[in-house]
Structures are given as C-alpha cells and as structure tokens.
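Here come two complexes built around chain A, the first alongside chain B, the second alongside chain C.
And now, the complex of A and B:
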C-alpha cells in the first residue's frame, strides 16, 4: 500500500490556517468520531464481558442475600447466609478442603516446576523433547486426567499399589478418607507442574547473563548462584506464579467429581463442588450456594489486587 | 597443570553435569508420561487381562474391543463433534472480538478506556465456576439451556484475549497506521488490513489458548446442558463414569481417544502451545 497521489489529500501550501471556531469544530468532530469508533470496536466483546461476567458477579451478590431454590420463590434475608455459613457443615468443610488442597498442591507444583526449569534452562541439547513430554499432562482435560488416576489408584490392580507391592509394602487404599485429598492434590501437581516449569524456563533464560559470568569468575558455587542470584532476580515472577497457581487451585472441581465423587463422605468436596451440589442436589440452598461463591470470588479478587500492586511496583521500581 | 589439561578437565566436568541434568530430566519426563503409557496399555486389554497380576507390559496381541465399544455403544463421536463444534465457534468468534477490542484499547483514545481496561484486569481471574448460580438463572431465563448458544456465549466474556491483544497491538509502530491513515484508509480497514496481518503470530497463540481452554472446560458445559445430544467430551466422559458402572477398558479407551486430537494439535503447533505458558508473562 504505497503512497498514492490519487488518494492523498491535497497537501496544503505552507501552514494550514483556520479560523479559531472552525478549528474547534473540526477537533470536536474528530474527538466525537474517536469516541464512536472506540466504543464500536470495543462493543461486541465488551457486551459479552458485561452480560456474562460483570452481571453474574453482581448477580452473585444479589442471590447471596436471598433464600430459596432455583425454581421457586426467593426472599430477601439480608446477611443471614453469611452469618450461617461457618455453621453449615457442608459449606465449611468445602472451604477447608479447598484450602488444604491448595496448601498441598501449590508449593509442590512451584518447587517442582522451579527445579525442572533450572535444569531445563541449562541443558545444551534435547530441550525440545523434554519440553514436549513435560508439558503434555497440561493439555489433559481434568475429567480425563481423573479417569487415568482412577485407574492408577485402584487398590487391586492399580499402578501405585503395583509399585508398593514391588517394594514389599502393603497395598494402600489411595482414595480412602486418609489419602483422597492428598491424591487429588498430587494429581493437580501432575497436571500443572509442566505449565509453570516452562513459564519459569522463559524467565530464567531472560535473566542477565553478565551477572552469572561475574559470579562464576568470583568462584561462586552453583548453590550460591541459585541462592543469591537466580531466586532474588526471580522474586516477582515466583510471587506472580504463587498467586495465579493459588487462584487456579481454589477452583478445583472436575477432578474431584470424577476421581472421588467428592468423597469418601465429604473428604474431597471442594467449594465449587459444594455450590454445584447446593444448586442441583438440594432444594432451597441457592442463597448459601451464592454466599460461598461470593467468598471464593472475593478471595480471588483480593489475590488479583495483591498481584496488581506487585506489578505496578515492578513498573516503577527496577 | 598445563592449560590444555585444565581445559580438558573443564570439558569433562561440563559433560558430566550435562549428563546429570539429562538423567534427572529424563526421570521426571518418564514419571510424567508413564500414566499415558499405562492407560494406553490398559485400553488394549480385555477385561480379564486388565485385572490380571502381574500386568503384561506389552499388549500382544492387542484387543480392540474397548475401542469398538466406545465408538459404537457410547455417544463418544457425538461428544467429540460437540466439543469441536463449540471450541471452534468460540475460538473464531473470540479471536475476532478480542482483537477488535484490543485494537480499540490500544490505539483509539476514547473516554472510559482506562476504566474498561482496569475492570477487565480486575475480573480476569474470576472463574466461570464461581458464577454458575447467576449464569444458570440468566441463561435459562433467556431460554438457552440445552442449546449450543448456552455453550458458546458465556466463554466469550473472558477478558484475557482482549488484554493480550491490546498488549500485542501496543507493540506495533505508530508510523504504519499513520501512513495508512494518510492513505485515506478507514479505521476498520487499518485494523483489518494492517494490524491483523502484523499480529498474526499473536492471533495464533490466542487461538490455541482459547481452543485448548474450551477443549478442557467442564464446569459450565456440565451445568448448561442436560440432554445427551449436547454433551461435550468432558461431560460425556464424566457421565459415563458416574452412570455406566466400572468399565476400566472403556474408560481407558475413552481417555486415549480424547487425548489423540489434542496430542496431534500439540505436536503440530508446539511453539504456540508452549507460548501458552508465556501468556502469563505477557500479562505483565
């Protein structure tokens, strides 16, 4: 698309001179055009955003102040749902389960991912094969992953107990009340460690090489380089990963549904699982369901804000 | 010690470290991939072989009954079609809408754009799973439960794409669009004929992100549909697990079959897939 004389507006000779009111009119028109264009380009996506995200968030607040069922009438009950929440066994167990789940899975995911990334960033050949293999579990839908793990954790013929027997131990009931939540968390580690490993690899490759050369010349050991260079340099990246991985961990649902059906008992019933149960498996629980949802949403919003502050700090600081 | 010896020792040391790294990474990769081999193996065994101990490590002769069962006696093909139909629709629509919104946010100075962007960032992480109560009542109020619309419309709300596209478009040099403007191109033509071709790599990455997210999505499709005809892959498999009784052969065949398409995509578009991991970094 070259500059074409036929399309070009005639170039004014010398400076363009306009009367002041003419000038104002033109710039007002241009500004108006900009407003219309901007909103026109934004509108299709923004409408979907408002209808299916902003309104539901507000809707959750509205529902959380009411009692009743999905189909029947609901009435306003104020903050009653929130006041009752800690005493409703199912709801508080769901919150506890989700927190424990995140507390087990997030540190394992991130420490594992960081370790893999440190190795992966420094190997000279074959990196793409490892990347492919390590990332593959990330692309497995939770439902399918749970199905595979259902298999592996089977008491009689599963892979896990096969290994345990091979080592001379007694078969373990992996999905029993003692271990189910841990197994669910480990399953999450399997699915997410590759994602964060590759995320960290990109960050490590981006670190300034001169610092490492200088450190090596000074005779710093590999551990010292990790402790005093890599980790401090990646502090913000790691914190970002902690926040995002935690937010994702709080949403666990599909693997719990397929692997353990929330059980045994309510041992693996998570927050979203409980909301779903209250919606379709119970009557008159819609207010409580919304109240737990709102707790989850507010938690996620707070974590998002922490992260935004952090990123703003980065832009201003180093 | 001569310099030559010294150098040789260093090379040897480097090789040994490299070998150590390969050893650990190989082990990690093996552990991460082993479940896939395990399930592939199981899918090629009949029900007595699955339960036998010690397990056979090679499925010879392979048994294809599980796959036959899956393809002809369950709704698997229908689930697969639904997943692909919904994921493709969402991807095409969303790439288009998000790039337009990203263009507006990056290049057009209109009132409220900062506020819109801030709102998108704030709500970026709110998952659809936390919104199922109001979403369900809204979508069912619109009479859309058990339609493809119910599966396609709500995912369009996710602001990640618009934020990414804004970032990509901000990186383009201003001269290009100014030249185009002098050429008398309309704003839409600038977006369509200049900006879109320039951010093609970004569009592909975005498409991969949206498609895989849709392929894996479960919570909303579970709630938005009750009829068998509209079940997507993840919902169909969960229903099979919940209602069909324990049929490990069938389950493993369905796991393998649902991983084939995503595995092929991954193999072909490896770079774009791996850029998914970087999308988080891009957000910064």
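And now, the complex of A and C:
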C-alpha cells in the first residue's frame, strides 16, 4: 500500500514534504549510488580477475588452436595440437611424474599438517613462536627453497649425506633418477605443511569444547576423541584442503626447474615443466604448450568435481 | 683538426682587428682556409671506410646478452668505456637473458622493440633467417669497404649456409663438449694424451682412473641437460637429426645405437657418476677437487676453475666415433633489432664490439674462442687459461656445427633428455634412439 501525501500528517515546520514521485526518484538515486559505489569497490578486483585470469584463459584457448611462436606469426591449425598430444615422446612420463608427485606429497602434507596442528593447538605458552617457525618455509619462495635444497642434497658436502655418513652409510645421489622425484615431493611437503598446519590449528581452536569435556567424562581416550570427534568435525576443512593441495600438487614446476631441470633424463619432468619447455625453451611451440595447459585445466576441474562428489557423498548428502 | 682551424680563424680575426690585415685580406684568408679545409676533408673521406662513423654518434643502445661468465655485464661496460672515448654521446644499457629461456626472451624482446642489439646463438639462426625481425646486414657486411674487416671473421661459410641474409657479426665460436682432463691421473693410469685417439683407449683410461668412493673417471651428462653431448656422438657415428636434404630423420642407425650403448656402458660400469651426482655449477669444483678425473663440459667451465690447479690438466676433444671424429661447436652473433631507429649507430656499435681488440677481450674473459683471426694479436690469451689456446688447433680440426632447420634446438633439448633416460637404465639404447627419431618426426612435423 502506497503512502498518499495528501493524508499524511503535516510535516513539522521547516521540513519539506516530498511528492511520491520525488520520493521514488530519490530512493532510486540512492539505490543507484549504492550500486555504483559497490561496483566501484569491486572494480579493481574484477579488473584484475579479467586481466590476469579470464583473458589469459581465453588467450590459451586461442593459442591452442594455432601454430607458431609467442612473438612470431601464427596460423590456425584447428584441433591438430590436441590430436598430436598423445604422440609427444615423454608425455606419459610427464603425466606419471605429476601424479606420483601429487600422490606422495599431498597425503604427507595433510597428515603432517594435521599432526602439527594437533600439537600446536595444545601449546598454551609461546605458541606463536612455534607457529611462526612452522610457517616459515611457506614464506620462502620456491626458487630459494630449491637452492637451499640443492645444497642440502649435495653428494659431497650436503646435510643429508652428512647424516647418512654419520650413521655409517654410503652417500646417496639424492637428485639421481631414483630419488629426485621423491626429494621434490619432500621439498613440497617442507614448504607447504606449515600453511595447512595453521589452517587446521584455526579450525581445531574453533571446535566446541563441551563435546570434548563430555567425551572425557565418558572416558574416551585421546585417540578416540581424535577419531570420533576431531576428524568428523573437521571433515569439511580437511576435504577443502585435500582438493586445494591436490590442485597445487598437480601444478608443481618452480622447484623442478631449479633443483633438477626436469632431469636426470625425464625423471622429474612434470606436466607444467613440459608446458614451460614448449612455451619458453622451444621454437614456435606455443600452440602445443597451450593445448597441454588446457588439458591440465580440464583434468584438474574434473578431478576436483570427482573429489567433491566423493566427499559430499561421505558427508551424507550434505 | 677542428682546433687547428679554430686557431687559424682566431689569428686571422685578431690580425684584422689590430689592422694588420685589410678587410679584403681577411675575407681572402677565410676563403682560402675554407677551401683548404674542404679539400683536406674530401681527401680524408676517401680514406675513411664506408662502415666507419660518418658523423658524431649520439643515442642510447640497449643490449640483451647471454650470461657467459659472472662478469658478463662488467665486460660489456669495459668495451662501452672504450667506445665512449670515441663517441661520448652514446649511452648503453646491458641486460642478461637466461640460457634456458634465451630463444623466447630474445623473440619477445625483438618483437616488442625492447632492445637494440642481441647476442644470439647459432641454434636460433635458421629461425631468425626465416623472419624479418632482425636487421638484414648483408649490404653492410658485403660492402667492399668492409671486405678487409670481413675477412678477419671466421665461419662466414657456415653463416651464409643458413640463407641469403647475413643477420649478424660473429663474436665467438664455442666448443660445447670438451674434455677437461686431469693429466696427472691419466699418467698414473699408464696413459698419455693419446688415450683419446680411440674409444677403447679412452674407456681403459677412465676405468683405471676410477677409484671407488674417491674418484670417478669421467663426469658426463652434466652440461646444461647434456647440450650437444650425445649429438656429437650421433654425428661421429654418421647420424644427424635430419638427412642433408632435411626431408627424413637420420637418427636410427646401427652405429648410432652402438655409440649410445658405449655411453650408457660408462654408467653401467660405474666409471661415470650416476646422473644427478653433479650439476653444471658444481661439476668444475668436483674436477678441481680431483673427484672427477675427466669432466665433460663446455668451455665456459674454464672461467670458474681456480687459476692455479693442484695438478696438470688439458682440454681435449672426444675420441672419434665409428665413422669420424667430430668436434661440435656453435657460433655466437651480435644482431640488430630491425625496429631500432638508428641503424647506423647500431652497426657502428656491433662492428666496434666485434673488432679485433674487443672480441679478443670479451672471448678471453668468457672462456670461449674469439670469432676473429686477429684476436691473438690483440691480446687473446692474456686472461684465459693457457689450456684454451693450446687446445684450439685440436677443436678446429673436425669442427661441425648444427643442422639447418629451425627446430634444431627444440629437438636437441628433448633428445638429450631421452638419451639420459637410457643412461639411468629406464630405457635401452635402441629404445632411446628410436624415441629420438620420433621426437625429430614430431617436432619437425615430417
């Protein structure tokens, strides 16, 4: 029901009575101003999103249908780059290495992070120092981390072989074909475990205390509390961590480039490393690099959907 | 000369002011001076080479160069200082690219006009030949006035084989896989420098120099992903990535499989350290420390070895293959961006940068060989290790370059990785060679 200005009580002297059209116009303007202001605040982020994500993805789609180089002339080749992908020598090695890397690093990161988080959550004094120390490797850029590990894995004077020699063993070629991928995965665990540990600490601190008090009164052991309280209550956050850590794991590149250059042979050549190789280390292969990138994007998308589906099912349709 | 003319004009004007010279005499004097100056200038111009600066140079020159040694930029600044003595109004900026991404860094920069002068390697030359982004220097290089200078540069035949255009002036030629040999250990093993004359002698010497837990006989596979290492063996076995007409692969030959087996055998026998033991940067130190009796690497390794080594050492080529002796090397050039507005200035700069003295200076400090025949007379060898000059005749013999197709560098990178898989036991030599052939077919698009 609209308000009629004619039946409205007289406004106090000195205040203007507005006609309904004027009132509507003003509130429309106010709404518009609010909308514009909202979009203005959103604009920088939206612009960045378009420039740094949407356009590159569209560019990748465009490049994937062409042959030629980044700075040279290109020509349309249709789906040839995609059709030729299975024929690339070493493609299966790159896919296998990437999956093995993710299979080693993701479980270790998440189990390690959860264990650290459970310990950190119990520390009452000086917890911030421990949290900083745990988080510190996250602050180290990938290239620097790889250089640090280059020294640690040195056969002659590295820390790891120092320990091995101290224990009476023979020096190990850590970056040899047999161990290099595992070393890369462990390096990834070292870099990322702190990030997820803090993530989990925040979640553990937020868990309802009364449930634990009740469980203690019922005589539940620490393991039982973990098994039947902590893990189920943290399920959502753990599922999120599994999805994101897997996505990151499939994108491993910088450490592989600095530490092993994808070698020896193709022992640490990952999918992204192969993309880089075609993009920056080869002549006129940007179309192939883009095609591999798109396949990886779609694969990660599908994997994420499958993971979400599985995890949702376990939560009972939640 | 300018100062002399100025002094003479001042003398004339003073004499006229002091009434020692009539107005007519003053004007006649100026006229005579002008005529004689013009005559001298025209005679001098006859002697001036066409490639020499015709005017006072001015401008800003941006270099994009490769990191040959730790002092790369400092070496260019040194040459720039010498240039500024002649042309003080020219300023310079030097940027480094990375070897692993050189082709794309150069490609993107030259397309966007990011730099004026580029240090490029021969592996990209066939690709640049097909494009138009680098200035065509053919007319300048083939100018009769430049003929005497041109004759002092090496490898024109090879450069001209890539196509009709001459795109750059050579600065160096680089041996990609030389053997850094600890001669003390060779002698201890009962051999001398002739151990490289045959593969059997080579392997015998390496095996005898290997002491478990102490010294490996030969460090191979550490040269930037193996660049040029197996390729040299491929050529010595009569193979190549493509046949001379560039129409078919020429990789999967019995002799090629044989040399690959020979290389893989070094790892199987434990006389070469497993791949991954030493990286490109750490290997020279391992050689200097006696942990590697022989190091297979490019000549840039000479810039990081200590000046005084605790043992006698030499640079030697690889032994001959079943078909021939092959010493693979590649040429480095300076090229000019076609978009640079002052092409005359750029030509002046690259011809100065590659003249006898500067080429000698740069190569001497970069652990490589100069691309000029007059470099030794201009001081080459004063800073570099003496082993380089000593080995020069060995590497000049049987010198072979890369093949003339644009994907050569891409194929080389992928092929060496595939061959390394066989060194680590992940594939047999026959499988690895077959895979290299597939790489050639796929990358070249045969």
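Note that the second predicted complex is superposed on the first by the 247 of 318 C-alpha atoms of A that agree within 3 Å, B and C clash if a C-alpha of one lies under 4 Å from a C-alpha of the other, contacts with A are read in each partner's own complex, and residues count from 1 in each chain.
Everything below uses one rule, namely that a contact is a pair of C-beta atoms (placed from the backbone, for glycine too) under 8 Å apart; a residue touches a chain by one contact, two chains touch by 3 or more.
Everything numeric here is computed off the predicted structure, so don't read it as measured data.
Of the two partner chains, chain B is the only one touched by A:240; chain C is not.
Put chain B and chain C next to each other and count what each touches on chain A; the higher total goes to B.
By the touch criterion defined above, A:46 reaches chain B but does not reach chain C. In the overlay built on the shared chain, the residue A:139 is in contact with chain B alone; chain C does not reach it.
By the touch criterion defined above, A:94 lies against neither chain B nor chain C after alignment on the C-alpha atoms of chain A. Of the two partner chains placed by the overlay, chain B and chain C both lie in contact with A:156. In the superposition on chain A, contact of A:181 is made with neither chain B nor chain C. Legend: residue contacts after superposition of the two complexes on their common chain; A:279 is shown touching both chain B and chain C. Shared interface residues of chain A (contacting chain B in one complex, chain C in the other): 70, 150, 154, 156, 257, 261, 279-280. Of all residues in chain C, only 100-101, 103-105, 107-108, 110-112, 124, 127, 131, 133, 213, 221, 224-225, 273-279, 282, 286, 289, 291, 406-407, 409-410, 413-414, 417-426, 435, 438-439, 442-443 touch chain A in the complex they form.
Within the complex formed with chain A, the chain B residues making contact are 18, 21-22, 24-26, 28-29, 32-36, 38-39, 42, 50-55, 97-98, 100-101, 103-105, 108-111, 113, 116, 119-127, 129-138, 153-154, 156-159, 161-162, 179-180, 182-185, 187, 191, 193-194, 212, 215-216, 218-219, 222-223, 233-235, 237-238, 241-242, 248, 251-252, 254-255, 258-259, 262-263, 266-267, 270, 273-274, 276-278, 280-281, 284.
Within the complex, the chain A residues that touch chain B are 1, 3-4, 7-9, 34-35, 37-42, 44-46, 48-49, 51-60, 62-63, 70, 116, 119-120, 122-124, 126, 128-144, 147-152, 154, 156-157, 159, 162, 190, 193-196, 198-199, 202-203, 237, 240-241, 244, 247, 251, 253-254, 257-258, 261, 272, 275-276, 279-280, 286, 289-290, 293, 296-297, 300-301, 303-305, 308, 311, 314. Partner chain C is touched in their complex by these residues of chain A: 69-72, 84, 87-90, 150, 154-156, 170, 173-178, 180, 257, 260-267, 269, 277, 279-285.
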